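Per-chain numbering from 1; labels A, B, C and D assigned in written order.
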Amino acid sequence: MNPDTNSSPTLALTFDVDTEEVWLAEDPRNATRPVLLSQGGYEMRRGLPEVLRLLRSNEVTGTFFVPGRVAERHPDAVRAIADDGHEVACHGYTHRSPADLPLDEETEELTRALAAFDRLGIQVSGYRSPSWELSASSLGILEKAGIRYSSNFMDDVVPYIHPGTRIVELPVHWALDDAAHFWFSNESWSKKISTNSEVEEIWTDELLGIASIGGCCILTLHPQIIGRPGRLRLLERFIARAREVPGLRLATCADIAASTLPSEEGPRS
Amino acid sequence: MNPDTNSSPTLALTFDVDTEEVWLAEDPRNATRPVLLSQGGYEMRRGLPEVLRLLRSNEVTGTFFVPGRVAERHPDAVRAIADDGHEVACHGYTHRSPADLPLDEETEELTRALAAFDRLGIQVSGYRSPSWELSASSLGILEKAGIRYSSNFMDDVVPYIHPGTRIVELPVHWALDDAAHFWFSNESWSKKISTNSEVEEIWTDELLGIASIGGCCILTLHPQIIGRPGRLRLLERFIARAREVPGLRLATCADIAASTLPSEEGPRS
Amino acid sequence: MNPDTNSSPTLALTFDVDTEEVWLAEDPRNATRPVLLSQGGYEMRRGLPEVLRLLRSNEVTGTFFVPGRVAERHPDAVRAIADDGHEVACHGYTHRSPADLPLDEETEELTRALAAFDRLGIQVSGYRSPSWELSASSLGILEKAGIRYSSNFMDDVVPYIHPGTRIVELPVHWALDDAAHFWFSNESWSKKISTNSEVEEIWTDELLGIASIGGCCILTLHPQIIGRPGRLRLLERFIARAREVPGLRLATCADIAASTLPSEEGPRS
Amino acid sequence: MNPDTNSSPTLALTFDVDTEEVWLAEDPRNATRPVLLSQGGYEMRRGLPEVLRLLRSNEVTGTFFVPGRVAERHPDAVRAIADDGHEVACHGYTHRSPADLPLDEETEELTRALAAFDRLGIQVSGYRSPSWELSASSLGILEKAGIRYSSNFMDDVVPYIHPGTRIVELPVHWALDDAAHFWFSNESWSKKISTNSEVEEIWTDELLGIASIGGCCILTLHPQIIGRPGRLRLLERFIARAREVPGLRLATCADIAASTLPSEEGPRS
């Protein structure tokens, strides 16, 4: 049952740069709600610059999943990410779920997104679905488009190769996502906002548990959420905590994927 | 990407004096629910007097956003706020969202509210929407009516001027709102009531993070929520904690707005 | 604004003995859900006896709000409550909200409930609505039926007399209700179950805050909730904590109401 | 009111092996949502092997409630459970609630499940409903099929015999279920994910409270939830904590049921 693994404990800090797209994809009528949208606006105005500053001062290289349309609208911001040495990867074109789209639209979303990165001279090798959901066709579409890894599934903590493909999976989980803990919805008033120390406990327990298995801890963050001034303090503490874990290395998703995929052999079945 | 700022770290304690209006605006049928309404009734009977007493004994000056109809129904209470040296600002007329109103009704809400404050001899310069949402016309309507600042958007932690206007924005956030942490809905039973120490941690982390950026921490409170006897203890502790932050000053929104707006120049574009 | 008060700090432990009635009132189809109903069944089988044992060993006298139909179905349990020296008060007949009933049905619910207590030889003087909601007619109906106090409103922390009546109000609040913190709904999976220490902090802060105002802390508990073995430990700790508060006395609701109502004078207006 | 009991304090660790079945039963359309389903896929790939390893290294014997269809699809996994000395019990055939099925379908679900275990040479004596709900016919169907105990009801903390049957009840509770604390729904974003220390406090308080009554603490776990690397740390800590409770024994459900049922006598009425 238990898949073999040779991987060593790794932590990847990943950032989904959703800006206003996440709010528009949720409900197009949000275009007429300036205050609600301003939560996404925080990202370019304040959250992303602060996150980049923090990574720089802590000498950490991260992976930024960017929707194609965000790359088109904010080319300077995406270039700033790349110029700091971070990996840029694909987070759809709009922030719509591929699982809800017909095949041709799903393909077109990916094509348009990759073209946007091409125009910026940025090569991307990874894909994370905006909704953490895929259609039955997604892996085929991704492979054909040259994508080398997916970071969407929740069925393991050790990277693996999707059977029948050469696509590496870098598994994620809701508990390792800042939004699951910090999101507040004005519509439903349904979820308590967690404290930094609550989230730090959850992430640290997962990190230590995953490290003891020799797996990969893929942390999913959002500059509009983790980039709040109070939460940047959590991120800095967590990086410091991670550096105390014996044998743990910090890496980008592309690095992890490259070391997972056997260079000359076919995929593991 | 990152807007320049010369502002020094500031904390503003703001209070939305919603009374029963917030419940009536949510659902007019609440008029027949005396117990549900009594949560709002707590404000005039107990919450507001206790908040004023606490601010007095801690020598803090706050900003009170009051709906016009509350000013009409409780003139003595609003005068008591002003007599204690606090700033009174506009929180709509009823507690309805401007985003849901046609243009003429939105304008009329503001006109009626300002007239109510005029009749009390109180000059207001700031506006917070009852729902933290605006329409596309709101900033224009506010500017025409002489409003100098808005405290609604969530896209920064440093005050800024809305492009094309002379209206200063004093940005807010759900995590800095007492209702987001303490609200309990009898209808949906959906949200855990946070403890004082949970909220204290969140507010303190935000305050310290914002101070380190040189921004403004705008705390949004409600006398019917923070005015509960147990939560007044949190407010007092938080004021004491804030006073330990090096270089932080406590100010009213009007003061912050005045120091943000260049006195003789046009608006920054 | 601030009503005068001569009351001294008091804590009342009150218990709503809902049994299966609360589940049946919520949805009559629950009659065919034996496991869901068994949460209410816990009350008579285990929760109530354990609560009575704990009060006895801690020498505390409480107030038990009992629906009339529960008194009919479990006469021995209600007699056991009274025999231990606790106050029995009225919690409706079924567990339906008076706010949802036509006037004649609301009156009949009260009449049937009082008759049930009469048949047990138990005199009741207080009323708590099953839903913490009243109709516009409720206070009149209660006064006519000889009820001396209500424990429903949330607009103060000091007992007061409802204007135009001789009915004393002993105000409550969601944060002082065990269900608000511990309820878990299998239908909506919407609310985190709080820990004992979270609830202890909230109740202690409220108790200390109310005591400093000279008010009454009315704690609303449910034997099917607080009677879980783990939560009885919280109740015992909280009683011990309350006994450390200088000047605080523990009392039944009837005692507090009697000391609030001026013996010979008319009601305060 | 209080049922007699001779039982000594006992802790049973039970695991519901739901795999993808729980997601498919909730909504058959989930079959087209590979990422959502991968949360269930975690169970066979990683969660169950890690749980078995932890139990082995801590020398604890547990009870695994398995849906019949899971036994058919993953026979090696179910044999591995049995080979480690754990008890295997019945968790329905699919993960559908018996309360929602017509009588013949409810009967057929049980028949098919028992047949699946028979084919694996595994004798099962216990039943837990996939939804913790039963129909009015369930106990009769279970008794006829030779089931000796149910672990579904929430009306006590001491095992008892269902009146008119020979079926022992081993009562459970939401607060003693890992899902109630850790479940995160991507659909409703409604519930905070609890920390390990929050859950440890709740479980420890319940365990100590139940032990003081001489009852049985039936912990309900799910390898796809408690099997997350971070949460395995909680399980290990809780086992260590339980071993410090004086007089507490760890047992399987079958053992507890056998010691509850009087060997030669008829059922207690």
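One rule holds for everything that comes next: a contact is a pair of C-beta atoms (placed from the backbone, for glycine too) under 8 Å apart; a residue touches a chain by one contact, two chains touch by 3 or more.
Quick caveat: nothing in here was measured; it's all calculated off a predicted structure.
Common neighbours of chain C and chain D, by the contact definition above: there are none.
Comparing the contact residues of chain A and chain B by number shows a mostly separate set, under half of all numbers used being common to the two copies. Of all the chains, the one whose CA centre sits at the greatest distance from that of chain C is A. Bringing chain A onto chain D by least-squares fit of CA atoms involves turning it by 90°, to the nearest 5.
With each centre defined as the average position of its C-alpha atoms, the distance from chain B to chain C rounds to 35 Å. Computed from the mean C-alpha positions, the centre of chain A lies at a distance of 49 Å from the centre of chain C. Residue positions of chain D touching 2 or more other chains, listed in rising order: 188, 190-192, 198. All chain pairs that touch, listed by label, are A-B, A-D, B-C, C-D.
Listing the residues of chain D that touch chain C in their complex gives 1-3, 99, 129, 132-136, 138, 152-158, 171, 173-175, 180-181, 183, 185, 188, 190-192, 194, 198, 201-202, 204-210, 212-213, 215. By the touch criterion given at the top, residues 32-36, 38-39, 41-42, 44-46, 48-50, 76-77, 80, 182, 184, 186, 188-193, 195-198, 228-234 of chain A touch chain B in their complex.
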